[in-house]
Structures are given as C-alpha cells and as structure tokens.
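I am attaching a structure below and will ask some questions about it afterwards.
As written, the chains take the letters A, B, C and D, and residue 1 is the first residue of each chain.
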Amino acid sequence: MVLFRSLFRLAPITGVVAEGGGEAGAKPASGGPVDAALIEDLVAANRILVDHGVLDSWGHVSVRHPKNPERYLLSRSLAPELVCADDIMEFDLDSNPVDQRGRTIYLERYIHGEIFRARPEVNAVVHSHSPSVIPFSISSVPMQPVYNVTGFLAPGVPIFEFRDVGGMTDMMVRDPALGRALAKSLADKPVVLMRGHGHVVVAPNLPLVAYRAIYTEMNARMQLQAISLGGSVTYLDPEEGRKIEMVIKDTVVRPWELWKKKALAKK
Amino acid sequence: MVLFRSLFRLAPITGVVAEGGGEAGAKPASGGPVDAALIEDLVAANRILVDHGVLDSWGHVSVRHPKNPERYLLSRSLAPELVCADDIMEFDLDSNPVDQRGRTIYLERYIHGEIFRARPEVNAVVHSHSPSVIPFSISSVPMQPVYNVTGFLAPGVPIFEFRDVGGMTDMMVRDPALGRALAKSLADKPVVLMRGHGHVVVAPNLPLVAYRAIYTEMNARMQLQAISLGGSVTYLDPEEGRKIEMVIKDTVVRPWELWKKKALAKK
Amino acid sequence: MVLFRSLFRLAPITGVVAEGGGEAGAKPASGGPVDAALIEDLVAANRILVDHGVLDSWGHVSVRHPKNPERYLLSRSLAPELVCADDIMEFDLDSNPVDQRGRTIYLERYIHGEIFRARPEVNAVVHSHSPSVIPFSISSVPMQPVYNVTGFLAPGVPIFEFRDVGGMTDMMVRDPALGRALAKSLADKPVVLMRGHGHVVVAPNLPLVAYRAIYTEMNARMQLQAISLGGSVTYLDPEEGRKIEMVIKDTVVRPWELWKKKALAKK
Amino acid sequence: MVLFRSLFRLAPITGVVAEGGGEAGAKPASGGPVDAALIEDLVAANRILVDHGVLDSWGHVSVRHPKNPERYLLSRSLAPELVCADDIMEFDLDSNPVDQRGRTIYLERYIHGEIFRARPEVNAVVHSHSPSVIPFSISSVPMQPVYNVTGFLAPGVPIFEFRDVGGMTDMMVRDPALGRALAKSLADKPVVLMRGHGHVVVAPNLPLVAYRAIYTEMNARMQLQAISLGGSVTYLDPEEGRKIEMVIKDTVVRPWELWKKKALAKK
C-alpha cells in the first residue's frame, strides 16, 4: 500500500506560507492537502512509465494541484521506479518547493512549472528519454501518427532546439527561461521533442498522459519500421486524428486500471 | 483454476430469450450452456496473445458458439490480460448481447459478428494491434510469408481501408456496416490488415487462431529484417504454403498446450 | 532435479533388440544405457536454447550415443521447453526409434540421423527456427561472421533449398532422402540455413552446439545492424575465424555452466 | 549480502609478497586490504552490466586498488553474473595475480593492466561484447553521441584494429603488447571499440564506468535508428558534450543506487 501521510494529510505545512512565487529561496504557500488517490495515481504513473520502458532513471511525472492551479506535485529527485507517496513534493509555477526540508529536487522541474503556467487545460506532464523517440528528435524526418491509438500526434510534433535559445549549452532545462522557451515550442500540442535529449508529453489528467507517453514510444518504433520497409507510407489524416481522440478519452481507463494494478503490485 | 460457473453452467440464462437477432436493444436467445473446456480455451487464448505481445489492452478474441452457429462468445469490455471465465458473454451475429446485465461491451464487436456471418467455416476470430504488423498496414509493401510456419499467409494479405467505406472516420468498426465491409476485405483469407489500426486473424478453432496471430507478428518482424538486408528475398510459393498448412493443422497442438499451460499458470 | 531412471538406467530395454537399421517398423537394438549426466546435458540444451530465444515450440536437439556411433538420442515429439529426461528416446541412423512404446516422434528426425551418418566427428545437432536467422535464409545476402565469438561461421554458411530437391513441397525434412540432401548442403560446415524454414547447427558436443546456435542468432542480429548503418562492413577473415575457434573450444565451458545452472533451476 | 571476508579483510595475503611486477610467475606484493564497500561495488558493477545486456558470459569489470595505483582488482575467470566478493583477485599492472591459488584468470586481463598504466586518472575499466556496439566496430560509420546522456562520446570513438598490430590473429588481447596497443588506440577517450570483438569503457570510478557502458549500448541503438529513418541527423556538438559531462558526474549516483539495489537483491 502506498503511504503518503506525513507530507500531505497528517501534516499539511501551514506554517511556511510565503508571499507567493519568486526566485529560489522563496517559500510559496501550499495549495492545501491533496487526496490520497491522486498521490497514488502520481506514484503509479511514475512506475507505469518505467514498466513500459518510457522512463529510465532520469525522467519525471507531475500533476497539477487539484485545489490551486498555481501549484503542482512532483517527486523529490529520485529514480521514478523508486518514487513513493512520501517522496511527492509541492511546487509553485516558478518551481520553488513549498517545503523543501533539505530534499534534493529535480534540476529540470521548470519543464513542469512553465508548461502548467502556459497551458491552463494541462494537468499532467511527463518528461522522459523514451528510447525510440530520441532518434526522431535528432532526425530531419518528422514524427507522424501511424495508427489510431496515436491520433493525438496528428496536429504535429514540434522539436525544441536548445541551440536556438542558448547556443551550445548542457541541454538541461535548468532555469525558467528555458522552461518558457520549451513551452513555447510545445505551443498547443500534446508532445514536444527536445533535440538530443528526450521529450515532453502533456494531457488533461494522469491516465491520459501515461497513455500518450507509452504510445508515443510505440508510434516511434512503428514509424521507423514502416519507413524501413521502403515503400510509401500512409499516416493518419488530421481529421482521423481528431475523431479518434474523442474515442480514446473515454476508453483510456481500460489500460490505465490494468497498468496501475500491475505497477502498484510491485513493492 | 479458471471459474466460469455463474454465467455458463450453473445459471444458464433461460429467462431472457429474445425474438432472435436485431438492432441494439434486442435480446436474442442463448445458444445454450457451453462446455467449460471451451471457455477455458477462450480465456487462455486472450492471455496467450498478451504473453506473446500480440494483444495490448485493446484487442479481443472470440469463438463461435459450439451449439448454435448464430451465436458467438466474447469477453465483456476488459483488457485481455484480465479476462476470466466469468467475463465471457454471448452475442448473436448482429452483435447484440444475449444477457448484458449492465456490463460494458466492446465497441468493435461487429468485427466478430460479421465475420462469423460471412465465413461459416471460421470459428475463432482475433482482433489486435500487433505491433510489428501495424507498419505493414500503412505501407505499400505487401506482407508475404517468409517461412513455413506462416504458410497460411501465402494466399495474400489484404488491407482494409476505412476511407474507402466512410471517408475520414475515427477508424473504429463501430457498426454492422463497417463490420461487413471488413469481412468483405478479408474475403476468404485468414488475415486482413486494417490500415492504421491493426488486423484480424481467423481460423477454424482457437488453437489455430492463436498460432496464426502469433506467427503473423513473427512474420512481420522477419520480413522487415529480410528487406532491411538489402538483397533479393525469396518468399514462400503459394503451393508451398498450401502443403505446409496441411502439416501445421495437425501439429499446432504442440505449441498450444505449452502456451495454455503457461498462460493459465498465472493468477 | 532431472529424473531419467525409467528409460535409461533402471530399465535398459534389452528385450526389443532389432536387427539393426532399416525402414519404419524396424526395431533397432539399443546402444546401451547412457550416463545420467549426458541426458541431463541434453535436457539442459533444450531449455537453454529456449531461454535464449533460439528454439520455439518446434525445434529439437540431439546427441550421438556415446557407446554406439550408429545411435542418437532425441526427445519424443514435445516442445523443447517441456523436455525432461524421461522424454529422451534412442534412434538408429535411419531414425527408427529403438523402443517407441506408442510415443509420438518428431517428423523431421531425419535431420539428425543423416547428419550423424555423414559427419562422424559431429556429436550434437540443433534444428531451430531461430528468428533472426530466418531472414538470412531467404535473402541473397550471405551470413558472415561479425565478431570473434562467431569465428565458426568463417568457412561460410550454405543455404539448403528444398525446391532443388523436391520442387514445391511442404518444406519438411520428412524422409531420409531429404535428410541426406540437407547433410550434403551442410557439407563440412558447422551451420546450414534452410530456405524459408530455419537452420541446423552441428558441433562435437552439446556445450559447443548450444553456444554455436545462440551466437548464430546473435551474429544475425548484429550483421543486420551493421548493414543497416549503411557504410562498408569488415567481416572476420577466415584465418581469424580458425584461430578464434581454437580459443573458444576451451572457454565455452564458462557460459555453458551458467546457462545450464539457470535452465535446470526452473521447474 | 555480499561476503568478501576470506580474501580481502580477514586474510590479507601478506605472505606472498613478490618483488614487484614482471613476467608470468612473478608474485607481486598486495596493495593491502580493500574496503568491503568497494568490493561490493565491483560485484554490483558486474551484475548491473549483465542486467542491462552489456555483459554476456565473457566480459569483465575492474577497479584500481584504492591504496596502490599499481594494483587493480578483477574477478577470477567467471561469468560476470556469477561474480561474488570472494571471486575478486588482485593484479599488478603487468597483470600478474598477487595470489593466484590455482584460480583460473581472464586471458584478456592485459586490457585492464595496460589501461590503468597508461591512464592515471582512470580507476575503472569495462570490457564487453555489448551487442549493439559490435556493429559499429565493423562499420565505416563512426559512433557519434545522439543525446545528452552520452555527452562523453563527443570527443570521438576510436576503433582498435587487431590486424594493424598482429595481422591475422585470434583477436584476443592475450599479452601486454596487445594491451598497450589497445591503450594507445583508446588514447585520452572514454571508449574504444575493438573491431569485430567488443569495446572498452573507462571512467574515474565504478558508477561512472557502469553508466558509460550502459549508455554506449543505448547510444548505439538510437544512432542506428536515427540513421535508419533516412533523413539528416544532428549529433551533439563537442561543446555540448563537455558541458553535459559536468552535470552527469554529479547525478550518476541516482541511477547507480537504483541499479545496485536491484543487482544485489538477486541471490
């Protein structure tokens, strides 16, 4: 069973209210206690994405705070496979932790904060090094949707180029400016590739973001195979993509419940 | 041990007889109780195809009712990995459930109903998103049999194009007309690809349909590899395919018993 | 623990001596009881090759009888993963079973009998559908050794074409004549591919034949990858291959002991 | 729990001091007892690299002696998956064992000794047959870094050609001269490919060498995929590589702790 008491329910941190967002050192107020079920889903999403080979030791998953849209929840710096409810921390949209208590935090948390700021309808964000997706991030061949399960890719898959923003860098989203540049590349799409680094997937909720991350990886594998066959390839039409999305939103619960059950069964 | 009592043996639903096939809302009569061994085989087929990477959370497997060829058996809407005997429901060829009792049913069940109607000698149907097969569904390069275990592909592998029937759709076989169009594309073959969606495999029985689904996936992987080598490729001759099929029908029990044993050993 | 008593040690079948080789129906004499350790190695080889993805449900492994070179040992018709010591049967080089007792036997056992006849220095034979090797069996691109572990491929890898012998057949080695034709294609090499079917690997002993079968599969994967890179490729020189073989013969015990330990640990 | 007492702590071999390096038969003095934690890390590194498919039955991992830079630690000749603390032996830089006690030692240990001699800042060495890396060792297409996790490849990946040193050999690093030639090819880089054999990875410590070995394999897979897409490919710029390396050195502990925990959890 996943435990989360100390941080979110038994001890909501009401004594560390800060004056809102701001630079490092700021102590933003908590958005309030969070339902245990949501924390469990966030933990499950971390492990599900490891189970499916999307996350290695460096990716992360976040969810927007359900009571305060200016806050989001994200694990302390930890391999996703190890994340438990007690590891979940709260951040403001400047990505300052509400109550750090000495814990190490992800360097690239700005990915989450800036996307939550730019995209009000997005409530869940995954950043990964999904292995079959990386090759598309460095190729001139664009990722395109190969089958109905990836209709969400039909609006196009932009690529974020660090060099356009900062020249030759360490390619880490290590400050708010890079986070905003990434959010700008993402624009209104569900997926943005990061050249030579990985990608980001967003969705209205955790089940949908997990599904999109898993099937972006699948799409990458299948598109490469289709191209390797050497003939012409028929991708989804944007209209097909839109119509399919309507169906998926209602049926994603079927795989989600299965994935979650299996992910949480592991100790 | 697989349990199936409540639905099929101890409580055959004799009180909900309807006036035969028809539209949604119709309550067709049951074909009668079904032997536990067949239900177990159907459950096993679901799990076997998950074990072999053919089915993900969205595919399904059906078998024709052994006593009434106008009925077929299919799980309620559920990830195939989770299917147990109690989840098996009965449908008429219009794909109306005999006794829904509030259970959610697969949207695309018409695939099964219309193929069972069009192909009297077919008694088992698999619909899947088999990952290595999808690329062939969107490529101009036809799938061809690479080795004797896939002799069943020698008559050719047609591709069903949703656009030819309904223009830009959500690409779901969501009504009888689409089911009939798919069955027409399948014609007298054992496999039909669905462009940008998946494929359907049919056979006279469950062991054979499982074997064909597994080895269609294998054939796809191997054909891609053979093409990628860059030389000329020798596929099976149709006559070789026909002769091989005679052998396979008798020996498929060997892998089936192994697969079943392993699939049902999992709780 | 592997049991083998009933067949080979406690009850050597001395009462069913036949007059030597011959056609089906003949009852050849046994070569005598066989050491339990050899039977255990044969069982282990079956399972090791399943563990490494070389054997599916249809392949088989044999070893020459240590006391009578005119006899060999092979499982009854069974998926290799399930083979136990009690399943091991004895055959003469015409592939007649010494004591069938109603057991089903492999249709393609002639592969073993005819190769043991043609190659006195060979004491172990594997027939498989090794998945990455099949594409080479149907391609005009020859398999070549990519690294020192596959030096045994340096003398060349011939392809056996069923059509050259029997025209359009079911491509099964179902009689002695096809077995002899296959042995002729193999000639003095360690590996022969069977077009559109699989391949055969031979060696002086079981550890070496398992190693060769596993690394033929590995070589196929790596050669395809090297070709797919699109540049020129440097294969082993035949002289390198010969020199490497001298080293491998002495060090194959290291992987064999590990593989065997793991294979037999499974119940 | 990993045990290591007999060799390194309870019984430091003080009675077999030799006169320093030299030819086979020399008995060099021990560098002294080694901390149990380092031995545990060395055992873990062996198993981690098996878990990630980098090492098969023939590779090895070494670490420099922490008290005497003229000594290094390496398992006796054993499949890496089976290595325990008791199997760790000590060698001088001529690769003579400090206290052989009849144990078989790796033929290619000179890889380690000569690299430790040539590269004072290197404290950990991996030699492997990493399967996706081999194809790059025989291709004219150079390995290049595809993503930030492999920034360490940015300085270039040389290929060691046995033929340049010894003509047609068995391609084993079986003497100090071949070890020195390999170290010369490696030069100041972290990775050198060995044509048709495998590769060597070096680093300042065990966590970093494990990480580099794992991600060299990942890079090989991804680069092949990127090339197979058929478009142009953007690799990391050397300046990006250098900047990324600064980040990785501090964060490699995150995957290392996870890998180690899982590797040592297996009995």
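Please note the rule applied: a residue touches a chain if its C-beta (ideal position, glycine included) is under 8 Å from a C-beta of that chain, and two chains touch if they have at least 3 such contacts.
Computed from a prediction, not measured in an experiment: that's the story for all the values here.
Q: Tell me, which chains sit next to both chain C and chain D?
A: none
Q: Give the label of the chain whose average Cα location is farthest from that of chain B.
A: D
Q: Specify the angle of rotation obtained when superposing chain A on chain C by their C-alpha atoms, rounded to a multiple of 5 degrees.
A: Rotation angle, to the nearest 5: 180 degrees.
Q: Have a look at where chain A meets chain D and say same if over half of the interface residue numbers show up on both copies, different if under half do.
A: Interface between chain A and chain D is built from largely different residues.
Q: Need the CA-centroid distance for the pair chain A / chain C, whole Å please.
A: Inter-chain centre distance comes to 49 Å.
Q: So, what's the distance in Å between the C-alpha centres of chain B and chain A?
A: 35
Q: If a residue has to touch 2 or more other chains to count, which residues of chain A qualify?
A: Correct list: 228.
Q: Please give the residue numbers of chain D that touch chain A in the complex, ascending.
A: Those in contact with chain A are residues 145-149, 151, 218, 221-223, 225-226, 228-237, 239-240, 243-244, 246-247, 251, 254-255, 257-259.
Q: Within the complex, which stretch of chain A touches chain D?
A: Residue positions touching the partner: 56-58, 77-79, 81-82, 107, 129, 131-132, 134-141, 162-163, 168-172, 195-198, 224, 227-228.
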